[in-house]
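In the two complexes below, chain A is the common chain; its partner is chain B in one and chain C in the other.
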Partner chain A sequence: MNDMRLMERSAMTNDVKISASQVQVFYGESHAIKDVNVDILDKTVTAFIGPSGCGKSTFLRCLNRMNDTIDICRVEGRITLDGEDIYDREVDPVQLRARVGMVFQKPNPFPKSIYDNVAYGPKIHGQVRSRDELDEVVEKSLRRAALWDEVKDRLSAPGTGLSGGQQQRLCIARAVATSPEVLLMDEPCSALDPIATAQVEELIDELREQFSVVIVTHSMQQAARVSQRTAFFHLGNLVEYGETGQIFTNPGDPRTESYITGRIG
Partner chain B sequence: MSVPLLLLIVLALGLAGFFAGRMRALSVAGGDLRNLHSLPGFYGWSVAILASAPAILVMVIWIAVQPIVIDRSVSAMIPETAISDGSTRDLVMADVRRIAEGLDQAVAAGALTPDGASNIRAGLSDVRGRLAEVGVALGANVSSESLRAAQSYRSGLAAGRLGMTAVVLALALGGLGYGLARITPRFRARNTVELAVRMGLILCSMIAIATTVGIVLSMVFETVNFFGQYPWQDFFFGIEWSPNFRGNSSLGVLPLLWGTMYVSAIALSVAVPVGLFSAIYLSEYAGPKFRAVVKPAIEVLAGIPTIVYGLFALITVGPLLRDYIAQPLGLGDSGSSVMTAGLVMGVMIIPFVSSLSDDIINAVPQSLRDGSLALGATNSETIRQVILPAALPGIVGAVLLAASRAIGETMIVVLGAGAAARMSLNPFEAMTTMTVKIVSQLTGDTDFAAPETLVAFALGLTLFVITLALNIVALWIVRTYREQYE
Partner chain C sequence: MTDASAQFEGRGRPSLRVQDARTRRRNAAEKRFRAYGLVAIGVGILALFVLLASIFGNGSSAFFQTKIQLQVPLEEKALDKSGTRDPEAMKKVTTVGYGRVLKAALADLIAREGIEIDGLSKRDIDSFLSKEAPAQLRNHVLANPDLIGTTIAFEVMTNGRIDGYFKGRVSLDSAELDSNVSPAQLHLADALKDRGLLGTGFNLDFLTAPDASDQRPEAAGLGVAIIGSAYMMIVVLCLALPIGVAASIYLEEFARKNWLTDLIEVNIANLAAVPSIVFGILGLAIFINFAGLPQSAPIVGGLVLTLMTLPTIIISTRAALRAVPPSIKDAALGIGASKTQAVFHHVLPLAAPGILTGTIIGLAQALGETAPLLLIGMVAFVREYPGAPVEGFFDPASALPVQVYNWTQRADPAFVERASGAIIVLLAFLVVMNTIAIVLRRRYERRW
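So, the complex of A and B:
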C-alpha cells in the first residue's frame, strides 16, 4: 500500500449528509450497537470496517430504517438526514428508502427482466411520466452502473441469468435508478470474483460524484482503495473514525492498530 | 405343506443362515476381525438374504401363477357340450371349484376317504347328496364332466403344492449352503448386502408402479369393451345422458363433463382467492403466534371427511341458497344446486391452496423482500410485484392440484348438487358430475356386459386422463419454478 498516496486523499466536501448521535440498537435483550456518534459526509465514500459480528451491517441498516423490518430490533438515539430526524414519526420509512438506497451482500435481482429490475423503483415512486422517460432512466442507471454495454441488447432477458458480478452491478443500477442521495452498500463484493470486484470498486469511485456512499467491507485493502473516510467498529462500539489515510497509517486507538495489522479478526 | 408354515420355515432358515454366516466369518477370520473385508454381521446378512429372498420370491410367483395354469388345464377338460344353454364356461368353472371345495370338506369331515374323493363317480353315487351331508350345498346335480374336472382340479392343486414346497425348500437350503460356502475373508459381504438392499427398494417402487399400470389397464380393458358396444362419437360428443337398462340409452358425456367443470370452477373461484389471500396474510403479515394457531386450523378443513361436507351442503347451504337467493331471484327452487356443491367444495379445498401457497411464498428468498423494501416499496407492493410473480408458477401448481381434487370429488356433489345430468348455465339448478354417475351406474343390480354399466369405466378413464393431465401440468410448472432459485 502506497502510504504517500493515502495521505493525499481527502474528502471532497465537508457537508454533513447523515449525522448519528448516541445510537443504540438492541436485538431483543442483546445490545448490538452502543453509543455510536458519526457524521457521514456528502459526496464521500465512507467505509465501515471491523471484525464480523461487530455491528457494521446493523448500523448501516439504521440509516435507511431497514431494521424496522426486523421485529425484535429496537433503535434509540438520533439519526438525521440533511438535518431531519429520520426516526421522527412524521417520516415515512418507505419514502426515506427511496432517498437512501441499499445494495446487499449477495446480489438479489428480482426474477424479472433486466429492464424491469431497473425500472422497479422509478415506477413505484411515480418518478417518471412516460415510457420514454423510463427508458431514459433505465439506460442512464445501467450506464452509471457500467452495465449498459453488456446488456443493452437483452434488456428483456431475466436479471437472474446474469453472472454474479453483472447481477451486483444490476442491483447497483436498480438502487441508483430512484436517484437516491445516499447509497448504502453492505459488503457488495464479498460474493464476487476479483475482476468483478475491481469493476464494482471502480464504479463506487465514480458514484461518489453524485452520492454519499457508505460501504461495509471486511477487506481493509478495499476500504483503503475506495474510501475517503473510515469508521472502525468493534463489539458494537465505534472505536475510531477519520480520514482513511489517517486510520490506516496512524491509528489513534490500539484496537484499530491491532485490527489493521491483523491481530484481531 | 401350507403356505404360512412354508414361509415360517424359510424365514427360520434365513435366521439360522444369519447366525451361521456370522460364526463362519469369525472362524475364517481366525479371531482377528481386521482380516475380514466387512463386519461379521454383513456376512450373516448375506447368507440370510440368499437363503430367504429367492425362495420367497419364487413362492410368491408360484402362488400367483399356479391358479392360472390349473384353471386353464381343467377348463380344457370341459367340452362345449357340457355347458348348458344360458350358462357360460366361467359359471361351470365356478361350479367345478365349489365341487372341489366340497370334496375337500367331505374328506376333512370324514365323510369320504381321500381315495374315495379322487375316485368317486357321478353316475354311481349321489355326489350332491353326500356333499350336502357335510354342509356343501350345490345348485344342481353334479354332471360327470364337472366331477371329473373337480377331481383333476384337486389333484392339480395337490401336485402344485407339493411342487412348490419342494422347490422352495430346495432353494432355501441351496441358498443357505451356497451363502455359507462363499464366505472367505476377502468376500465383500458389505457390498453384497448393499446390492440386496437396493434390489429390495427397487422392488417396492415397482409394486407402486405396477399397481398404477394395473389400474389403468383394467380401466382401458373395460373401456374398450364399452366402445365395442357404444359408438365413441356418441359418448364424447353426445349432449344427452339418459341411461336406460332396457337398452336404447343415450350416454353422452358432455352434460356430466359440464357439471364437473361447472362445480369445479365455482369451487376454485372460492378456494383460490380465499386460500391465496390467507396464505399471503399468514406468510407476510401474521405474527408467529397467530400463524401457529391459524395455519393448523385451516389445515383441519382438509381432514374433515367429505361426507360431512356433503351433509353440510345438504341441510344447511342448499336450503339457505334456495330460500335467500334462488327463489327471490326467480332462479329456481331446487335445494340441491351446482352453487351449493361448488361453494362447499371450495371450502374443502381452501387448505390445499393456502397450505401449498404458503410454503411456496415462504420459499421466496428473504433477500428479494429486502431488495424491494430497500428501494422504498411498501409491503403490499413488494408482495404484488416481487413475491407473487416469483411464486406464481408454484401457486399455479397448487391451484391445479386443488382442481384435480375438486374434479374427483363425489360425496359433496351427490348431496349438494343432486344427480340430474343437465347442461344449464343457471348455477342454482341441480346438475351432476362424472364421479356421481360412475357410482350410480355401478350400484344396484348391474349387468357387467351392458353398456350402461361399462360406461362407468369410460367415465372413470376420461376422469383419470383429465386429472392426470392436470397433475402433469402442475408438476411441470412446479419443477420449472424450482429451477429459478439456485
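So, the complex of A and C:
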C-alpha cells in the first residue's frame, strides 16, 4: 500500500450525507447489528470491511431500506439522509431508493435489452419526457459506467448476454441512470476477474465526483485502493471508523489490527 | 514399473482387475436396479400401447359411415299438398311422410338394378335405412322448398347394423340371431355395394351432429358435446386464470408469512387432492340449488371446473413465481421500483411461461373431468345446440367426457364404437393442448 497515494485521496468534503445513530438490526431473535453510529460523507467513497457475517451487508441494506423486503427483519435507531429520518412512517421506501441506488454482489441485469436495462429507472420515475431525452440519459449513464464504447452498437442485445464484468458495469449504469445521491455497492467485484475488478474500481473513483459511494468489500486491498474512509465491522459492532489511510496504517483497535494483518477473519 | 507392480502383488494386495466379493455384490445390485427400471418403463409403454390400440381399433371406424346413394322423387302431392312451397305449410308432413318417400325410392332402386335376393321382405327394405334419414331429408327439403317436384340425388345413412356389417361388427351368422337385421338385408347391402351404390365414407356428422336416441346410433354425433366442452373451457379460462394468478401473486409476493397464510397454503394444497365429485356436490348445492342457475348448463360446469382447476393453477403459478431469481426483484427494488412494478414488470413476465403451462395443464384436466358434471346434470340427453355466447352458456349442453360415459351405457354395440371415437376426439384435444403447453415453455423459457 502506498501511503502517499492514500493521503492524496483524502475526502473532498466534510458534508454529512447519511448519518446513522444507535442502529440495531434484528433478524427474528438474533441481534445482527448492535449500536452502530456512523456518518457517511458526501462525494466520498466509504468502505465497509470485516469478516463474513459481521453485518456489513445488512447495515448497507438498511441505508436504502432493502431490508424491508425481509419479513423477519427489524431495524431500530435513526438513519438520516440529508437530515431526514428515512425510517419515518411517512417516508416511502420507493422514493428513498430512487435517491439511494444499489448495486448488488452478483451482476443482475434484467433479461431485457441493454437499453431497456438502463432506461428502466428513469422511465418508472418519470424523469424523462421524450425518447430523445431517454436516449441521452442512457448514453450518459453507459459512458459513466465506461461501457458505452463496448455496447453502443448493440444496445438492443440482451443485457444477460454480456460478460460478467460488463454485466456489473451495466448494473452500475442502471443504478446511476436515476441520478441517485448515494450509491450502495454490496461486494460489486466479488464475481469479477482482476481486470474487470480494476475497471469497476476505476469507475468507483470517478463516480465519487458526483455521488457518495458506500462499498462493502471483502478485499482489504480494494478498500485501501478505492475508499477515503473505512469502517470496520466485527460481530455486528462497528469497531472502528475513520480515514482509510489511518485505519490501514495506524488502527486504533487491536481487533482492526488483527483483521487487516490477517489474524482474524 | 513392472518391478513395482510385482512388488505390490508380492505383498499380497489383490489386483484391481479382479473384483472382490463386495464390489461384485454392489455391481449386481446396480444391474438389478437397472433391470427393474427397464421393466417398469416397458410395462408402462406396453399398457399405453394396448390402450391406444384398443381405443383406435374400436373408435376409428366412428369417423366413417356407410351411406347409400338414392334418387328421390320429391312429389308435390306427397310433400306439399298446398302447393304454396311455404315451409310453414310444408311442416305438416312429418318424418313419416318423408320415410315413405325414401322407402319407395329404395324399393325402386332395387327393382331398377334388378337385384333379387331370397327372403328379402318389404319390412327388410323398410328398415334398411337409418331412422334418422327421413328427418335429414325433411330438413333438407324444408330448407330448399324449390326442390319439390324434382328428383334429387340424396345420400342416406343406412341402419347401424348394415353399417356395422361393413365395419366387421355384424356378420351373416350374427344376423340370423338378431331381430334388428336379417341376412337378406346384408346380401342386399353386398349387392348394392357391388354396383357402387353403397359405400363407406368419411363421416363429418360425427363431429358436428348432436346426440341421437338409442334406436339410431348411426346418427349420434359430438356436436353438442364439443360446443359444451368449449364453452366450459372458456368459462374456466376466464375465471380461473385471473383469479388464480392474482391469488398466487398476492400470496407469493405481498402476503406476510404468518399462521393465516400458512393455513391458506395448506388448504390450497389439500384442495388439489379433493376428489372431483365433491366439487360436483358443491356446485349442485351452491350454483344450482342456492344461486338458481340452470341445470346442465356450461356456465355451471365451468364454475365447478374453475373451482377444481384453481388449486392446480395457483400451485403451478406460485412455483413459477418462486423460480424467478430473487436478484431480479432486488434489482428492480434497488433502483426504486415499487413492489407492484417489480412484480408486474419483471417477475411476472419471467414466470409467464410457467404460468401458461400450468394453466393449460389445468384446463386439460378440466376438459377430461366427468364426475362433477354428472352431478350438475350435464349427463342429460341434449339434442339442441346451445346458443351463441354469452347466452349459450346458460343453455343445456353436454360435454365430451360425459358423452363418452353416456354412450358406453347404451345397449347397442354401435355406441361402443361411438364412445371410442369420442375418446379419440377428447385425446386429440388433450394432445393439442399439451403440445401448446410444451411449445410455449420451450419458446419463452429464459435462462439466466
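The rule we apply is simple: the second predicted complex is superposed on the first by the 262 of 265 C-alpha atoms of A that agree within 3 Å, B and C clash if a C-alpha of one lies under 4 Å from a C-alpha of the other, contacts with A are read in each partner's own complex, and residues count from 1 in each chain.
Operating definition for what follows: a residue touches a chain if its C-beta (ideal position, glycine included) is under 8 Å from a C-beta of that chain, and two chains touch if they have at least 3 such contacts.
Everything numeric here is computed off the predicted structure, so don't read it as measured data.
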(Q) Taking the superposition on A as described, I'd like to know which of chain B and chain C A:130 touches: first, second, both or neither. (A) neither
Q. A:30 contacts which: chain B (first), chain C (second), both, neither?
A. neither
Q.
For A:110 in the superposed arrangement: first (chain B), second (chain C), both or neither?
A. both
Q) Overlap of the chain B and chain C footprints on chain A, residue-wise? A) 64, 66, 69, 71, 94-98, 101-102, 104, 106, 108-111, 120-121, 124-125, 160, 171, 174-175, 178
Q. Which residues of chain C touch chain A in their complex?
A. 256-257, 325, 327-338, 341, 345-346, 350, 446, 448
**Q.** Contact footprint of chain B on chain A as seen in their complex
**A.** 64, 66, 69, 71, 94-98, 101-102, 104, 106, 108-112, 120-121, 124-125, 160, 171, 174-175, 178
(Q) List the residues on chain A that touch chain C in their complex, please. (A) 64, 66, 69, 71, 94-98, 101-104, 106, 108-111, 120-121, 124-125, 160, 171, 174-175, 177-178
Q) In their complex, what parts of chain B are in touch with chain A? A) 287, 365, 367-378, 381, 385-386, 389-390, 484
